[in-house]
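Heads up, the next two complexes both have subunit A, just with different partners, subunit B and then subunit C.
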Partner chain A sequence: MDKTIAQATISVDQEGYLTDFSQWNKEIGTEIAHEQGIEMTDKHWEIIDYIQDKFKNEEPLSIRGIKKSGVIDIKQFYALFPGGPLKKATMIAGIPKPKSCI
Partner chain B sequence: MPESSLNRAIYNYNLLFFNVLCNLSYTRKRQKLTNVILVNTPYYYFYSCNSQNPKVMKNLVILGAGTAGTMMSNHLVSKLPKNEWQITVVDQYKTHYYQPGFLFLPFDIYTTKQVKKKGEKFIPKGVNYINEKIDLIQPEDNKVLLENGNVLPYDILIIATGTKIAPEEIEGMKGPEWHKSVFDFYTYEGAKALRDKFREWEGGKLVVHITEMPIKCPVAPLEFAFLADSYFKNKGMRDKVDITFVTPLGGAFTKPKATQALHHLLTDKGITEVTDFNIERVDYENNKIIDYAETEVPYDILVTVPTNMGDALIERSGMGDDLNYVPTNKATLQTDDYENIFALGDATNLPASKAGSVAHFEAEILTENILRYINGEPLKEEFDGHANCFIETGGGKALLIDFNYTHEPVEGTFPFPGVGPLNLLKESRTNHMGKMAFRWVYWNMLIKGIHIPFVSATMSEKGKHFEETQA
Partner chain C sequence: MSNTKVKKMLFILSKATLENVYAAFVMANGARMEGIDSEIFFTFFGLEAIQKKKLEHLHVATVGNPAMHMPTMLGGLPGVEALASNMMKKEMDKLDMPPVGEFLEILSDSGCKLWACKLAVDMFHLEEKDLIDELDGILTIGDFYSRADQEGTQLLFI
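Let's look at the complex of A and B:
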């Protein structure tokens, strides 16, 4: 479905995750964060950059991966994105919700 | 034979053979062999005696004699010309465990004897079976080093070293309370310790917990919760036991469709769900688990599925990802980095279930691909992530699910479209009988590489009620 945000029209799934990463920009990320009750800071963007890199390289995302990345410790990650940090961070980053799946 | 008896015979036959597995990842391990070196011959000196011009034998080496490795040795021994290929299987343990049985051990449904046998019974004649710890794979030199100093050169290597629990990954888990009030049931020792604890337990808070994904047989923890419900009901003490299911996932299972069905079952059985719980530590002094969001879940008995990791050998050899799983092509089963190294079963990083059924389907496809590789033909991109799992739901019933990389578990019948006899995604006694019969199928057919009739390696879409699938 379509959603209008930050003066742009993007397509999202039922939960609000972007279905086309090419539509993403920083303004859209900021707005989605705002909807989630998060005000973005440099530290937030550092993590968004990291997970977008992972996504571009088709590497799976996990809490363990974030822990090992050295970008942030998990406590801090929870503090920046309270409630499901990986779910919220991926939504803001404009990539699909991670399937820790299988 | 009258028609009705014939039908009945066909029906019984079906029951016995079609009920494929799952929950079983590969099975093996544990007793350490005290340095018995079965073979000291350097393998590179095997020559063909039949040929006029003796040529050097080629070596195919399989690492691991669990479900996947044992199946591969059985498949390949009849396919590779004996005067050209020497097949070698290496495993440090001499006991082969029926791992799906570990689920039943704590509840006194299976005995210890029913879940273990000598591994060598299942390695076919003509295959060189070595009980020795593997020290290192040197993929650049096409060599495997064993702990006793022997060197195995190979032309083709198959990695089937599986996955194991790593409780030391979480603070406080493998502490002084390990196997006292904090248990696993993914090892023989853990399942047995839990059985002894349950026999004497007078009740309290039972917490069934998954540390992080992926884990071997993702439905096993749910089955454990269901079976615990049945077990304590039968003991007449269900009212004294409070069962909580704690998972890092957003719901009971990894696939949305099955999650709905399983969520209802949990509710019906009075099992509380705690979702999105990413454990930080076990506070064994105060009997609670704590996650990164500071949520606490108290327990009297914690039954956890610790982090699952590939064998340390993979890490030592520099061939694994974060969790020591080998990056592998998900359709061909060739490893990403080396064209003469293949991997299957729990050892890979494939986005498929870590389960015996998956290893079984992979083995059939990998056998063909090994032959293609030897003949210099392109590999077939055939593996679709097919998994097939019974889910014990307690009270003598079970569900059956069938799914692959792209298709969610669906309702329908299995293995015959519209006929069954097994029902997909529905609780039934027939499914439970299938699961029980499977132990026989496992020991007598599956790991011996005997094809299970009518069960194909890739998933059939017939007789199933598909909805639109999500990529």
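Let's look at the complex of A and C:
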């Protein structure tokens, strides 16, 4: 379905994840974060960059990967994206929800 | 952001076979990843999973486990359990499943509370120094029930 956000029309799935990453930009990311109750900081963007790199390289995301990323530790990750960090971060990053159970 | 009515998961882990320990860990971690609170109460043999000296040496059960598709007599031979356990650990590593010690760190960092059962700790003559540093404390079962302090709490025995 279509959604209008940050003066742009984007396609999202039922849960609100972008279905076409090419439609994503930073303003859209900021707005989605806002809807999730998150105000983006430089540290947030650093993680979004990391997650998008993983996505572009078609590498699966996992909480263990975050731990090994060197970008952030798990405690900080939960603190920055409270209530389901990987789900929220991927939504803000404009990529699909991770399919992994870990 | 999801509509689940589950707000908090309390797990009681009473076994130390790899398949049971991982079941508890994956579910507890999965809860945290969904924004659901989770806690694990380690009791009886489950305590092996939080003993520094034992946690990296857990095995799958090759005897009395029909899903292994292995004759029980064979499963009991020396080395078979270790072999099967190593094969399983390799497969889990391919899926980026962390080893037990690292998984406990991840759980703790994720905000999952880890408790040891007082009765079982006393029974096995364990001391706090034998247990992992990430442990949040030693509780009675009554204390653990009091952790079910909100609507939408579920308790699961493994």
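Here, the second predicted complex is superposed on the first by the 100 of 102 C-alpha atoms of A that agree within 3 Å, B and C clash if a C-alpha of one lies under 4 Å from a C-alpha of the other, contacts with A are read in each partner's own complex, and residues count from 1 in each chain.
Heads up, the rule we're going with is that a residue touches a chain if its C-beta (ideal position, glycine included) is under 8 Å from a C-beta of that chain, and two chains touch if they have at least 3 such contacts.
In this text, all values refer to a predicted model and were calculated from it rather than measured experimentally.
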First, second, both or neither for A:36, with subunit B first and subunit C second: second
First (subunit B), second (subunit C), both or neither touched by A:88: second
Intersection of the subunit A residues that touch subunit B with those that touch subunit C: 60, 62-65, 74-75, 78, 82-85, 87, 100-102
Of all residues in subunit A, those that touch subunit B in their complex: 60, 62-65, 68, 74-75, 77-78, 82-85, 87, 99-102
Contact footprint of subunit A on subunit B as seen in their complex: 212-214, 218, 248-250, 254-255, 276, 278, 280, 292-293, 307, 322-323, 351-354
Subunit C-touching residues of subunit A, taken from the complex the two chains share: 15, 36, 60, 62-65, 67, 73-75, 78, 82-88, 100-102
In the complex, subunit C residues that touch subunit A: 1-2, 26, 29-30, 32-35, 95-98, 102, 105-106, 109-111
